[in-house]
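For reference, chains read A, B and C in written order, and residue numbers begin at 1 within each chain.
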Amino acid sequence: MDYVIEMLDIRKEFPGIVANNNINLQVKKGEIHALLGENGAGKSTLMNVLFGIYQPERGQIRVQGQDVNITSPNIANDLGIGMVHQHFMLVDTFTVTENIVLGSEPKKGLKVDIAEAEKEVQRISDQYGLKVDPKALVRDISVGMQQRVEILKMLYRKADILILDEPTAVLTPQEIDELISIMKSLVEEGKSIILITHKLNEIMAVADRCTVIRRGEGIGTVNVNETSTNELASMMVGREVSFKTEKQPAAPKDVVLDIKNLVAKDNRDVDMVRGLDLQVKQGEIVGIAGVDGNGQSELVEAITGLRPSEDGEILLNNQSITNMKPRKIYEHGVAHIPQDRHKYGLVLDYSIGENMVLQTYYQPPFTTYGRLNFNEIYNYAERIIEEYDVRTPNSLTMARSLSGGNQQKAIIGREVDRSPDLLIAAQPTRGLDVGAIEFIHKKLIEERDKGRAVLLVSFELDEVMNLSDRIAVIYEGKIVANVEPDETDDQELGLLMAGSQRQKVGEPQ
Amino acid sequence: MILQKLKGTWIPLVAIGFGLLAGAIIMLLFGYNPIQGYIALWNGAFENPYFTGETIRLMTPYILSGLAVAFAFRSGLLNIGVEGQVFVGWLAAVWVGTAFSLPAFIHLPLAILAAAVAGGLWGFVPGYLKAKYQVHEVIITIMMNYIALYSTNAIIRNVLTDQGERTDYIAESASLKSAWLTELMEFSNIHFGIILAIFSALFYWYFIEKTKYGFELKAVGFNRDASKYAGMSVKRSIIMSMVISGGFAGLAGAMEGLGTFGYMSLQNSFTNIGFDGIAIALLGGNTAIGVILASGLFGVLKNGALNMPTSAGVPHELVDIITALIIFFVAASYMIILFREQIISMYHKLKHKLSNISSKEGK
Amino acid sequence: MKKRNFLVTLFLSFTLILAACGTSDEGNADGDSGEEKNCEPSDDAINVAMVTDVGGVDDKSFNQSAWEGLQAYGEEYCLEEDEHYDYAQSTQDADYEPNLNRLTGQDYELVYGIGYKLTEAIEKVAGQNPDTNYALVDEVASEMDNLTSITFKEHQGSFLVGVAAALKTESNQVGFVGGVDSPLINKFEVGFEAGVKSIDPSIEVDVRYAESFDDAGKGRQIANSMYNSGVDIIYHAAGGAGNGVFSEAKDIKTNDPESYVWVIGVDRDQYDEGTVTVDGTDYNVTFTSMVKRVDIAVQDVAERMMEGDFPGGENIEYGLSDEGVSVADTNEEAYTEEIATAVSEWEQKIIDGELDIPSTHDELEEFLNNL
């Protein structure tokens, strides 16, 4: 057999759930093998089994044709398996080389031979075209470079099988292209790659074969050049998925949000929003399109009271909410799906039920005479869980143990259920799989149809184009253009986002 | 859920076992009989009502200082200043206890209240500085400990007495002691403070687990950004948390002032009630019941240990090592968790092998 | 895996080291390790025990001295440590009472409380246990038949070291560093000043208190400023804080072996604390010490009880006449014969009752007026 890895009939249980069942994964030498599944489908569990972090209840693992029993990551390393986690495990204040050799330092007597290590790192970097500076401090290099350092670490340890866990989630488009070419050169040199992802276009771009998992069950393995995104999506989700969201034309009415000449600073005291004007009406979705770092976060935080407005005015239903406390702003009818669900959206160590009342816990019926009414809280939470299809054992489960998609659905349920006049959705589908994205898009349109004003901030152009009734392009802290999605295209938006004036579009450059 | 709860209590119990074992090994190495040593420890804590009373008396301030640390901890703050808050609470209680003559039903609550307010004030300063200027509470509270130590000494010498060594005895009406309780426990120093301490633990539990304020404090402790996002006032929570934490610590001081001693004398150095409170809060997992149990452990160890040199001949230096080991093992329960993973993986290996064997036999 | 092996090795080496310490310790262990004795415990000997204050039994001061007294008593009557005589160590003020009670419960017939801090505790315990006898060192307790108070005429000893200091000083400035400003320490201060002024009323006495018995840093700070202002002899009555006085004096000596700085020790003969070696030459900054023989007093009270003459309800003051306090003459180089002669002349006057030494500030004033 020319399989480098075979995982046969794997079953892994946790108290109360079967995380993996009946899964077969066979990776050929020199291929990029995608492992596809929704968030929470069991991809990470399977890889943790392969990497020796979990022990399977049933099944067989073979590496290079040999039966093996992987009981710890060290054994996995010895077998030539290396894993690049989604969250990098690097020491910020160490150099690239120091990070790479950490734990297996080349010794010269008692001293670490760092010069020798640097040479070796440079050599591997050149061989695979990783373009990493061995002497740079990790804190000084970009996220994409840090990821390459992680890959280098595996190569330095002579790994032949590389597991990449959602490697593109943190990368910019250019960095993604670079990563794809690196992956290709790795397999040309005889390495094998397992790519964990839920992004279909990436699979189509790089993978040779793809194994699909759905709710812990192995669905099957397909050759990528014999399939389509639609087929992969329906294998993953278990039904047909539409990529284009259906919606009726908008019927905007009164202005809900009216921002005039807003100025806001970032944490370093630099003006990020510089005299911005924006209106959002009842019954429309306004999408903010822009490259990250042009003031989107500061705009959202200023509206929601998380950041002071230095100048200008924010009106909600003709009433000023400028520089009010967040709680007051919520009480005025604003809801906010934050862009970072772990940092802002949830208290991960609270139960999902408690998270459902994070902004409203102090109000009756959740609190009476200062005392929390847990019956009410959990009944309410159960209803949201039910309505928004949050997959969790129950409302007492810690928010931390839910998958990203389900966490996000819970947040959306919480925000939408408050029946706000204005719903701000910042990056509502970041890092989610197609099933969850579809669901969330549908919910946002439903809200619009109920007459709510929706402000959408997203770095994904597709999403903005798909959902918005009107697109406001933000550039260097100002809205530089308002366009209708039907009257524009990616190219024009791209140019606007890069700072070109609208009238120049189409003119020769 | 039940499984998780069991896990929680299982670890400290095993840890105590390990600590006792390690202590026994050390006693054996030095040529002492560990069984005699531990019998002496037990007897020292419980041999007769007197010693039992003393053990309870010792654990009383520990419960409160443990609650103080735990309370701050729940909102993500490390209150190292419990020590100083104990001092000011002690002084305030004794001050009120000596300065007035009032009926007991006013005097005693007033003295207790004074201690809580003084401790709370001492906690307010670092809380305010943290909330307003992001000054790290650990640094401020450490400094405040020294300020408390030296200023209480100065007040005792110059204000409450004329260059005296200790204050007068508090009035009978402000005392937590009762003839009945003293009689019951054969003249031990036990006092009604234990009831106050247990009520404080109840209050802690109710406040943290059942009220909206507790909900807010815990949220701030877990995730400040999310709390701010959710419209909670992080600053107010930090200040409130430090004030209440200091209030508990002040009560611990009142236990010494109104209960154990009935006066306050010049202190050469820290009492360690506050520092031990850190260990107690950690041992108790920052829960009310955990803090009570951990205080019990500290009380038993500290009181029982005094008996080991005289009754089992174990030198007191060794006794210190043994009690420290027991506490160390309990605190280092992550090591036990390490072992647990090991045990579980061994169990799985065994099961794997057994199922392999049985499946081969089946064929 | 590696980590665990490392832990095991660490633990093993740790226990080995402990075991090594253990055996070396046993080599010089006294009494309790089954060492054979060639005598029988005396029949009428009583069982005695003591409770230390927070200083502990190895404080190089009165706790240690008291324990030495008990050991001497044990040796004299061939008693077993842990069985016939023992001590309990206190680590905090709240331990005094349980410790006293504990020893009472273990059938000791006489229990000492060492230090004035135990006053309240011993009075309470003595009241509750009329069948056991108690003795309090360094403070006068309230009158009870089963409680005796042992105090010392520290002012007498201090007077003599004051005389010696006055004869020794070259700068005509001497210093006194007290622990905590209290009636007990005032006795040292007053006696010392009276002694100095008896020789030469023009000598300045700089009096300061460390406000602590264990803050060596504070003691050192005070000594530093005194020596800098020209004081050349410091008498300390500050327990552990006094150690700072020694370190400051030794420091000065190390930097300049020619410098003229002296310390007068307290409670025990502190000659050993004063040794300092500079470039191979040994020096000693301890001029003399005001020795308080707690050991003699402790042994004396035990023996009186043996003889059926327990001084219950009394305050026994040990002074010069019964060797309860004395002046150390170990540093023969510094404590010259001339000084020794002068001191013993004054000593004789006190013993003969020709001279009353003041023990309070008021008495000192009167004393100085009569000079």
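The definition used in the following text is that a residue touches a chain if its C-beta (ideal position, glycine included) is under 8 Å from a C-beta of that chain, and two chains touch if they have at least 3 such contacts.
Since the structure is predicted, the reported quantities are computational estimates derived from the model, not experimental observations.
As a matter of contact connectivity, taking chain B out of the picture divides the rest into A | C.
The most central chain, judged by the distance from its Cα centroid to the centroid of all protein Cα atoms shown, is B.
Comparing mean CA positions across the assembly, the chain most remote from chain A is C.
Annotation: 43 Å between the Cα-based centres of chain A and chain B.
Computed centre separation for the pair chain A/chain C is 73 angstrom, with centres defined by C-alpha atoms.
As a whole-number value, the distance joining the C-alpha centres of chain B and chain C reads 35 Å. Multi-chain contact residues of chain B (touching two or more other chains): none found. Across the complex, chain C meets chain B through its residues 15, 18-19, 22, 25-26, 32-33, 49, 54, 82, 86, 88-89, 92-95, 97-99, 101-103, 105-106, 117, 124, 128, 180-182, 211-215. Considering their complex, residues 1, 3, 210-216, 218-219, 222-223, 225-233, 345, 348-349, 352 of chain B touch chain A.
Touching chain B in their complex are the following residues of chain A: 15, 55, 69, 71, 304, 306, 325-327, 329-330, 336, 338, 343-350, 354, 358-359, 361-362, 367, 370-372, 396.
On the side of chain B, the complex with chain C involves touching residues 25-26, 29-31, 44, 47-48, 50-51, 54, 57-58, 153, 157, 163-165, 187-189, 256, 260-261, 265-266, 268-269, 271-272, 303, 306-307, 309-311, 313, 316.
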